[in-house]
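Got a structure for you, questions after.
Order as written gives the chain letters A, B, C and D; numbering starts at 1 within each chain.
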Amino acid sequence: MKDIAIVAYQQSDGVSDAGAVNEVELIMPVLDRTFEQARLDSAQDVDFVCSGSCDYLQGAAFAFVAGVDALGAVPPIKESHVEMDAAWALYESILKIRMGHADSALIYGFGKSSPGELPIVLSQQLDPYYLAPQWVDSISLAAMQARLMLDQGLITERDMAEVVSRSRRNARSNPHAQLAGDVSPEDVLAQETYLSPLRKADCCPVSDGASAVVIATVEKAKEWGLPYAIISGIDHRIETHNLGMRDLTDSVSTRTAAEHAGMHDGKVDVAELYAPFSHQEIILTRALGLGEETSINPSGGVLAGNLMMASGLSRIGEVFNRIVSGEAQRGVAHTTSGPCLQHNLVTVLEKA
Amino acid sequence: MANLAAVVGVGQTKYTTKRQDVSIAGLVREAAVNALQDADLGWDDIDAVILGKAPDMFEGVIMPEVYLTDALGCNGKPMIRVHTAGSVGGSTAIVAASHVQSGTFRRVLTVSFEKQSESNAMWALSNPQPFSTHLNAGAGGYFAPIIREYIRRSNAPKDVGIKVAVKDRLHGARNPLAHLQKPDITMQEVEESFMLWDPIRFLEACPSSDGACAMVIANEELADKAAKQPAWIRGVAMRSEPTTFAGRDEVNPQAGRDCAADVYKQAGITDPRKDLDCAEVYVPFSWYEPMWLENLGFAPIGEGWKLTMEGATSLDEGGDIPWNCSGGVLSSNAIGASGMIRFAEAARQVRGDAGDHQVEGAKLALGHAYGGGAQFFAMWVVGSEKP
Amino acid sequence: MSQPDVLNQAFELGFTYTRSTGPVIGRFFTELRNRNIVGIKASDGRVVVPPMEYDPDTAEELSEFVEVGQQGEIVSFAWVKEPREAHPMDVPFAWAMIKLDGADVPMVHCIAAANESAVATGARVQVVWADETIGYITDIRCFELL
Amino acid sequence: MSEEQEVVTVVKSPIYLKYNFTAGAAPARFLAQLKKGKLTGQRRAEPGAPVYSPPRGSCPASGRPTEQEVELSDKATVQSFTIVYIPIPGNAIEPPFVVANLVADGANISFIHLMSECDNADVHIGQRVQAIWKPEEEWDYSMDNIRYFKPIDEPDVPVEKIGKLSVTGQED
């Protein structure tokens, strides 16, 4: 199979409310910067375009159709869309390149979550007979997961606070972060609980924004003369939708995906994990077997800003940034979907 | 070059207004089980599942792959959800094929569905946003002016749409799975049916159906050993263009022309009317048959309606290039599945497995889907012979 | 160009969906209407409540119903200090994973309790039925502590 | 299970989600002008760039922002139309009514709006129409400020010129 490389990544600032900005206005500036970085004029210069979005975030059917208006798709382009995080759009694009139908692809994800009540909106992705009608919000489900871990002595509240503290501190060097600052674990623990056992700081914020990535075959990346990182492995797995039948203190699907993506074939210098809640970062770190040698969420992760439908793609982009800057030789990016880490995608990136 | 891949199993539900006997999972499952049985395979033989459907608002279940994991035997496997509006069934089949054509997987299951009776398609498609005009009278209201412009350009006689409406329902009467069963339909009945969006009459429009369609796609090694004749994938293509832009040809969209040219090139087709034995083309409003006959290169510009009127696209009239032998979207329209039904029915034809709507000796067939404002296109060509 | 006015407008995206249940969910709801709770036996023998249609491990269709108790044990919970408008209660309450007597797999439902300290993992709870049961998940209004 | 009761096969599931919609910047500018009784379009800040109305933020053909505002005439040409015989959900208008794709003079793209004060059978492609506005005191951030378009006594526009007229109604 052809080696595939990432050559560009851009993200908008994570903001709690993007205000008077529609989908196309959210996407265009990010694509502009992405094209500039990849030295492309428009989406006409890549062989395939794929995006990720969710209609229910802003409450309008066909949100992705507006996205096409940002692409300059005249003459027509090869284009597709997943109603998932754009990391899966990247996955679809990789298959397209592997089968020889493209040498390059633009991938973007976007979400304007601020118009709705996101935790309640997400309750409607649960079992439509047993759970959705109860309006069990996504934060409450995560809180139950955290308590299982606390009760079983797998984590302490301090462990969770340390995750938050590191996220906020790391985010200070991320210009797009929504929440950043010199926050100590003690500061976090001093907060009252929000959805016990979670504190507000244990939960990612709601953010509006978009991100984009350009990938290409290594030959193409060389031809373009751009710095790149190689995608050496990618795999994703989903688990049963019955929360009661999963071991919520572990992420079996993340572990399986990492094995299939070849994560353990070398040292992992950096990991960007899509953990919307602090305790989930610990679950993921353990499922992936990451230790001291790995810098976890140097961007601050999604606790510093969660661009629904783009955050997973951004994790991949953040690892790319560390590798091309020379800070890391090899890294892993993780993406999740569904309640309590039901569906997980793992991407392994390496220095060229 | 892409690895070879073939359809080795096809499964569908019966299409009907309301499937009140099953849950959403039960509906999807039924098509998937039928496809596995057709392929003589079990759940363990499947490496990944690729799911497609139109907007989540139809059923009010957000990202339904999350809930459908267990119904599709996906626990521990990769699962992906495609959404490209009305073309989604076709796009989903293409994404599924790419799982195999890329060499990444050996055998995958793909499923598309819509359980439209859970809500109301008109509501889900026309739900107005603040500050926007509320004149969107469903898909028909959108496409009717484009059809009117086609009629003006082509000078087609008024009864072309009526003829297609009759022809596809007569085809549908041969297909026990088709939603509308109208073996006695007449031109007069269509002409006298209620005008909805002039020039589209009630019987010139598709029904609203519940249903699901599934396929098993395997690599060359497994397809060679398949239980039944495989349908080899000879070409796949997708194209998109914006909904509107200055100078856009809405009647004959370039995205459709480009997509067809791409898929024909891959399949070695130079004259689609001659080289293909039949086609399953997304025709939700009857007038789209002559429009797509031109867009897809089966007829010169302005002359698509002549093929229709000559009976070239009719199985019953012994036409040389039968279109929509299954009855097409005009006979069954479970929106998210409709594109995949076209792809699957093309596969059934070249597998020689299309029952009473079989085109005798069909070797090469086109599957076509379109969506949005006729701006998203997905097509594949399947053949009985390995390329 | 001038700065645009910021134009906000609230709207509701709403529909009352008609859901056909199929035999498994239909049986569960029918039993709820009669104030009974049934689970279903998974391929490995575990009793799952509410009953799943398909086994997560084998993908097989499930059909062996088992009546379970109306009391059970809290496996985990989240304390909702400030209920959201969509939530089933307008006073503080707990979401919980509850393992009913006779079941092997916990279900998610809500618990009415005076305050957070009254709720604990391992605590026993019992069903509070809705005044009128109609054959829906909300026939279980909530659980209460024993 | 009690014998006399029917088995549950269908349930009602109300799903009502609340959103607070904020119009995008380009539509907001367009709507603010409508509130003043002006129909506008927008285009890329390049000579000859196509004019979009209503603007959605980008020139879809190029994917570039439409940064320049252009005032349009409230006269328009029928690009195509349909006569709708069924009610629109949430709209009180009585069928049959004409919904037309109209291109305002000075714009290069059509929008949809109602046509009235006309015989439905006489409506045709290329027909000239003009906006009938609500009274000024009812103007809001809405295209509904224009009640409908009605035919005017001007010669039909040849099909190849539709979408290419200047704001004065002349060939561009």
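To be clear about the criterion, a contact is a pair of C-beta atoms (placed from the backbone, for glycine too) under 8 Å apart; a residue touches a chain by one contact, two chains touch by 3 or more.
This structure is a prediction, so every number in the text was calculated from the model and none was measured.
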Between A-D and A-C, flag the pair that has more C-beta pairs in contact. A-C
Cα-centroid distance, chain A relative to chain D, in whole angstrom: 38
Where chain A and chain C are represented by their mean Cα positions, the distance between them in whole Å: 29
Whole-Å gap separating chain B and chain C, where each centre is the average of the chain's CA atoms: 38
Whole-Å gap separating chain B and chain D, where each centre is the average of the chain's CA atoms: 30
Where chain C touches two or more other chains, by residue: 4, 6-7, 9, 11, 13, 15, 17-21, 25, 29, 52, 56, 136
By residue number and range, which residues of chain D touch two or more other chains? 9-11, 13, 15, 17-23, 25-28, 31, 60-61, 141
On chain A, where are the residues touching two or more other chains? 19-20, 56, 59, 68-69, 71, 73-74, 117, 120-121, 124, 128-129, 132-133, 239-240, 242
Could you tell me which shape the graph of touching chains takes: line, ring, star, complete or other? complete
So in the complex, the part of chain C that touches chain D is made up of which residues? 1-2, 4-21, 26-27, 29-31, 33-34, 36, 85, 135-136
Within their complex, chain D touches chain B through residues 9-10, 13, 15, 21, 23, 27, 31, 50-52, 59-61, 79-86, 88-91, 96, 99-101, 108-114, 125, 141-144, 159, 163
Enumerate the contact residues on chain D facing chain C in the complex. 1-2, 5, 7-23, 25-29, 31-32, 67-69, 141
How about chain B: which of its residues touch chain A in the complex? 1-3, 23-24, 55-57, 59-70, 74-85, 91, 94-95, 98-99, 101-104, 124-125, 127, 129, 236-243, 245, 248, 253-255, 258-259, 372, 375-376
For a test of understanding, state which residues of chain A touch chain C in their complex under the given definition. 19-20, 56, 59, 117, 119-120, 123, 128-131, 133-137, 139-141, 143-145, 147-148, 151, 193-198, 239-240, 242-245
